[in-house]
Amino acid sequence: MTLLADLILMPLVAFVVGLLLVLMARRVRAKIERRVGPPFLQPVYDIVKLYAKKTQVSHGVMHDLAIMMLLGGFITAEIFLPVPGLDGLAEHGDLITLVYIMMVPMLGLALGVGSCANPNGSIGISRALTAMLAYDVPYVVVIVGACISYGTTNLIDIVQIQQQGGPATWGAATMPILAFAGLLATHGMLGKEPFEIYIAPAEIATGPMTEMSGKYMGALFVMQCFQLYTVGVLYTTMFLGGGENWLFFLPKVFAVIFISVAVTNVYGRYKTDDVIRWMWKWPTGIALVGLALVMVR
Amino acid sequence: MTLTAHHVVLPVALPLLVAFLLPLVGRLSDGLARLLAQLTTLAVAVIALLLWPAASDGGALVSAMGGFAAPIGIVFYADKLALMFVVALAVGLLLFRPRREHDSTKVQTLWLLLLAGGSGLVLSGDLFNIFVFYEITAVATYGLGASAHTGAGYGASLRYLLLSALGSAFALLGIALVYAAAGTLNLADLSQLAGERLTGPMGLTAFVLMVLGFGVKAELFPVNTWVPEVYTAAPTRVTAVLAGVVSKLAMVVILRLLVLLFQDPAALGFLLLLGAIGVAAGELAAFRSRDLHRTFAYSSIAQLGLMAVAFSIPGHAGVLAGIAVALHHLVVKPAFFVLADRWRGEIAGLTGAGRTSPLAAGLFVLLSLSIIGIPPLPGFWAKLMLFKAAIDAGGAGNLTAVAIILAATVIEAAYLFRVVGILYGTAPAGRPPLRFTLGELAPGLLLGAVLIAATVSVAPLGDGLTAMAADSADAAAYASRVLPGGN
Amino acid sequence: MPFALPFDMTSLDLLMAIAAAATVLLYLFGTARLGGYLATLLHGAALAVTVAMGLDLAAGAGAIPSSLRLTVLGQQLAWTLDGLGWFFLLLTTGAAFFSSWYMAGEWGRVQQRARIQHGTLALNVLTMVLLLSAGDLLGLFIGWEFVSWAAFAMMIQAGGPATQAAYRYMLYALAGAMALFAAILVVHGAAGGFGFDQMRAALPDMSTGMLWTLFALFAGGFGVKMALVPTHLWQAPAYSYTPGASSAFLNAVSARMGLFALILSLVKLIGFDTLAGLRIPMTGIESTDILAWVAAITMVVPTYIALMQTDARMLLTWHGIGQGGYMLLGILVATPLGVAGGLLHVFNYATYQMALILAVFAVIHRTGTADLDELGGLITRMPLTYVALLMGIIGLAGLPPMNGFVSKWMIYKALIVTQQPLLSIAAFVGTLGTILSVYKLIHNIFLGQLRVEHREIREAPWSMTLPMLVLAGIGFVTGFAPGLALSIVDQAQAAMGVALLPHHLGGVVLATGSLNMLWVVGVLVGAIGVGALIFYVLGNRRFETHQYDNYAGGHFLSADIRYHFSHEFYPGLARVIGPWYRGWVVRMEHGLGVLAEVSGDLWHGVFRAAYTPLYVLIVAVLGLFWAGGAGGFGS
Amino acid sequence: MSDTTPVIPDQPEVCRTVDAEERGVWRRVMDRFADHCRARSLFVLHYCTGCGAIELPPTITSRFDMERVGVSPMVTPRQADILLITGYLSVKTLKRVILSYEQMQSPKYVLGFGSCTINGGMYWNSYATVKRLDQYIPADGFIAGCMPRPEAVQQVFLDLMKKIDAGQANAWQDYYLNYDRYLGNQMALFGEEWHTPVDVIAEAEHYGYVGDGTRGRFTEILDRHAAYALRDAPEDYPERGANERLLP
């Protein structure tokens, strides 16, 4: 019964928190640009509006399936990502599983975009996958380092290990260099400037989203909520000690995303090759140093 | 009909006699001469086969010329090894009797001389006689080498003559040194004296000279420069016999020298060195060559090198390996030359030839696989025996030789299967297809069949060869059989 | 066996008989109208026998001997199959069954020489049976040569570029075989025989140098077949140009024979303990570390070469090389988890790679090309093939819910648990490259714009789609319930002498993080169901439009406009890593060829010496000088 | 020009027809909710046809900050709700505008910006510009002036939002219901060969927006060469063109 509650609650919580994260991101951006920014319910309006479109143009069954894979993948990811009070199925799949489950929606999106037969979309996916390769290399180093440091890949255990001694045992304290590299990789993962060449609205017409309309676009908006949430929570879980309760937990998640969003607005956009070069040079280099420290210890 | 030791002379005497008669008969009728020559060859084969049971009973048949026993008399020694090669020679000569356009009474005469000389080489138990038969063989070969009546043929033959003549001189010098040291030329006698008189620089010098001398015919490394020229320029059937059989006869002589006279590690090492270099040189040169005749000629050099390596391994394991390699090569190489006969010229020009004559191409693949040493074909077992012998004997030289042979095998496969690839390529349009007539291909097919039969019956064959090798490698037995009263 | 066999036959005898009969029968009747189905039947029978053998082994039969015995030149040759061999045998007969099924219908009918394809396939199975059940080193070598040449026969039949590729393969394979020959000779020298037991008994007395030699020769010889870098160049073209089902067979199992032999020689015969004792002096680097790094490089480099391919077959076969690295790496971890992961990956790889290759050949069958720049949009024309390919690439990329994820998870996990961070990073990085590459594959073939010339294309016939769908289905089922496949792996692991990995139907329970695929896949499927529910319930009905109703900045699209992104699919990546492809292995290979040519030239020159008498005199003088030296003139 | 005469309606028709589905209370509540959200989330297509585009940056950025009311720019017609025609339309541009409009998903709104979209403005006598936008696509509102200020732009957005909230911004339905008329006008301008890849009639049929004016004499012309759809391409459909990449 608890499990059933977990199964239902975890994605819902993720969605709601995700909406707030999206709102925060847009508000922060507005503030930096000296604007007022959107109203509180703007993320909801957008999603409802998109779902409420009266015509919904599809480019074939794969386009539809992609949307299902997109949502399904993230819902699954949320269920395997433990949060305070809700462990879900985290003991049946570990950090590695989670990382790969998070790729399922990516693959789904890629397939759906491909079946739209729009080269802008394909170029976008090509760039998105390249960017994924770029930021996942440091991220993988970080994950491996963290797992070796904790001696387990079980997320519940990772959280417990960090909570033993307060902030002193947080990953960010025990392996600060890895945590910093992880933050850089996380930023790339969010696809914010300067790593948003795959969206590039003026060049490739928002790439993967080119042919997305109505509820297809709506699903992408939902995905954005999930993505912000997942990335934030995962980082919090790995390095910021998770949270004993939501009161301590959520601020950490918001902080992680906030850092990223706050930094984003001062950047232009890197070319794809520069994304790779940067990601493979700095975050990877830093992460390898962190890894070396972990191994030496 | 049972034959006894006295008949051992027949394989030598009969063709020699007929060879002298043949020009006379040829005056009457070419056809009759040819018939006579071939009947003689057949007879030699039959005689050798009939001698076989007697030889296997007693280990060997020994015949002393004119009743003078060894060491004074001239001895013929027919063990199974020798008889086998006599049969092989006779059968080879029959199988590859000259094509009509190259045929004449003269050629038939040379053919018979070759038979007589070759049989004498393996049967003779006396060093000087061996030299005489070696010369007869050589002379016959010069003539046959030029029997295509082409400029290239004469040139190659002349070149061969020069080399061979020098080689004979060396061999003679070596024999003289042996005589000087031991005072006898009877092999059995020498084998008993070798331990004390043929060691040291004198013996080694004699050995080196003889190896270089006989090595000309045995295609041993430094003195085999005639091989590619002659094998390319001579009529292919002559080449088939020379490469397939005659070279082995010289090798058997070297084997006898080794087993009976020079069990010195230095001598063995010398042969190992020559053999190993021969393998590498032959395969590499074959890799470079661009027409089939040359390729096979070089490959033949490498195979003879393999034999030299085998014989250089002391004990009967090496002898066994050497005989196995020899027999295998004896079957495979003539068949290769049968194919080369039709597929002349640049290899690159053979594109698609395999599709017009699938049987020939199939035969080529079979022979290639065997010569590379792919199980379960006989070539594999031969190489396995060689390697086993080398490894069991140990020593850096042997191991290096094994490594060289293994590497050379890859090169061998490279050039042979390069040809296979070309054979099965798509022929350019408009070129007349190269087709074999069944008659042309028949000897090759026959040898291919022998190969397959050998594959199937490799176990009994192996047992037979082991016994033969053990016998051949036994110097004491040789001596005891030849010398009256034994020792 | 569940039933009694006549003439005291063992099940291995029966299998050999079936395989031999299949070879002959199919070579004779493979082209006949029902020849293809005869083939399927025969291979099906072989598969059934294999499964029955598995039941016997699971019941504790130990090993299944063959009555076939030969004594050649004093060498005893005997064949017997243990759990390890059986595991690979199952893959072999399974792959042959699916391959022949694929060939049975329309595919076989349009082939020029179906007879040869069927015949060589059966021949390959026969030779693999002989290899897998080899009872001693000599038998192993003979089986090895058989397998190599049978594969060569399979590869060369297509002609054209296949000839060159097969020739290259043959040279590599033969070089490998010669290394193996050398290895067994070394063993013979030390142990006095070719028997496995003799070798084991002689091991303790072997010097370190000899062990290193053996290790290098075995790893090198068998590594060639697995296409371990730097001996990998042959594999992709050789497998790619082999026609259809044969290519799938080769991809699925042929290279795995190398792995089998490596396991046999290094793990079963030499053993992890001995290998671990083999260290480079002063560094502490173990022999297995070297091999593990070779495996890691094999995992990464060929994967990124695959990424740059424009031919679907080449792309997949290059990945095949990379996947081999995962298997080897897993086994070299030498913990039960790692070994099970490596072996499981062998099984999983066979299922998805076959499905992928078969799907690609179905596309070739219909469109006549595998050029990734010449296809696109086939999803509407060939949906079933698409499904098979999709499931295949998910497996190849190692994502849930397919089985490829499970085995890769075990390998990552084993590497992390044994604290080998760099190797685990290499494993992850290989997977990332695979994801990019397989997306390009499926995108360029099935997604994007459909070409006008492919408008009339029909789905591949059932005889072709069914095998690949079944294979993809196996991939899904063993991803959902990896315990099924792990039970099969147990047989091999037990025979290897490695402790078994405790597992349940859904995966493994470990103290350091467990995996239960029943939950993962169950939730994933359920969540996708929820996604579907959201999709269908919320929002208006979908309206399916056509590919020319598409955003093009206001431009009007029509069929004469190619509106498709396929060529150089990852330009940004290519700009970064493109210069890293130095092709040094290619240049090394070329250099070897040049070396052979030049030394050939040299010797060729020697044999054309012009002044023969002078030459011979020089030779004689040298010989005499040597004789003097060796004979001791000086002393 | 052909014999197809342009059909210019004197008065735009009242566009509100009630869906059969909209009767139930639940549907009404949902519709109300949807309209509420629609009004508060408006994506404007980044498609700037004329000089009026210059007024958009201030409208969007910090001076006036349209995001306050949920208006944000979008890039492709698929994602957009509002097509803002910022000024004059040349004949050539109109073709693209029509295609973009058809590719937008309903409910979709068109706003004419500046005098040019109302009566041709300063280009009233040009041979190459369109005088009245709403003859070719249904418009929901216009902003008069040359140039209108950003305040005016804001005002029209706010008006539109009110209309949407009230469920009255339904000009988009008119395009389905009277497609033949719009098509006729388009054909009068572009010739009989005119067609877009978008199958408006099929969409109307699929979603039940077929009215008496959906089909007519002009859509019959369209049917004759409506071969863009892959599934019913005729034999003589253009094959691969010259822009095909040549193989070596």
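Here the chain labels run A, B, C and D in written order, and each chain numbers its own residues starting at 1.
Operating definition for what follows: contacts are C-beta pairs under 8 Å (C-beta built on N, C-alpha and C of every residue); 3 or more make two chains touch, one makes a residue touch a chain.
All figures in this text were calculated on a predicted structure; none of them were measured in a lab.
Among the other chains, D has the CA centre that is most remote from the centre of subunit B.
If you average the Cα atoms of subunit A and of subunit C, the two centres end up 36 Å apart. Between subunit C and subunit D the centroid-to-centroid distance comes to 57 Å (mean Cα coordinates, whole Å). One inter-chain figure worth recording: subunit A and subunit B are separated by 79 Å, centre to centre, where each centre is the mean of the chain's CA atoms.
Contacts with at least two other chains are made by residues 450, 540-541, 543, 545, 547, 549-551 of subunit C. Across the assembly, subunit B contributes no residue in contact with two or more other chains. Annotation for subunit A: residues 52-57, 205, 210-211, 214 touch two or more other chains.
Listed by chain label, the pairs that touch are A-C, A-D, B-C, C-D. If you check the complex, the residues on subunit B that touch subunit C are 159, 162-163, 166-167, 170, 200-205, 207-209, 211-212, 222-228, 266, 269-270, 280-282, 284-289, 298, 369, 372, 374-376, 380-381, 384-385, 387-388, 391-392, 394, 402-403, 406-407, 409-411, 413-414, 417-418, 421, 424-426, 458-459, 462, 466.
Those residues of subunit C lying in contact with subunit D across their complex are 373, 450-453, 455, 540-541, 543, 545-551, 554-562, 567. Per the touch definition, subunit A reaches subunit C in the complex via residues 7, 11, 51-62, 64, 67-73, 75-76, 79-80, 89, 91-97, 100-101, 103-104, 107, 110-111, 114-120, 122-123, 125-127, 129-130, 132-133, 136-137, 140-141, 143-145, 147-148, 151-154, 157, 197, 205, 210-211, 214-215, 218-219, 271-273, 275-277, 280, 291, 294-295. Every residue of subunit C that touches subunit B in the complex is listed here, in rising order: 70-74, 138, 141-142, 145-146, 149, 156, 159-160, 163-164, 166-167, 170-171, 174-175, 178-179, 181-182, 185-186, 188-189, 596-597, 599-604, 606-609, 612-613, 615-617, 619-620, 623-624, 626-628, 630-633. Residues of subunit C that touch subunit A in their complex: 377, 379-380, 383, 386, 390, 394, 397-400, 405, 409, 412-413, 416, 419, 421, 424-425, 428-429, 432-433, 435-436, 439-440, 442-443, 446-450, 506, 511-516, 519-520, 523-532, 534-535, 538-545, 547, 549-553, 563-566, 569-573, 575-577.
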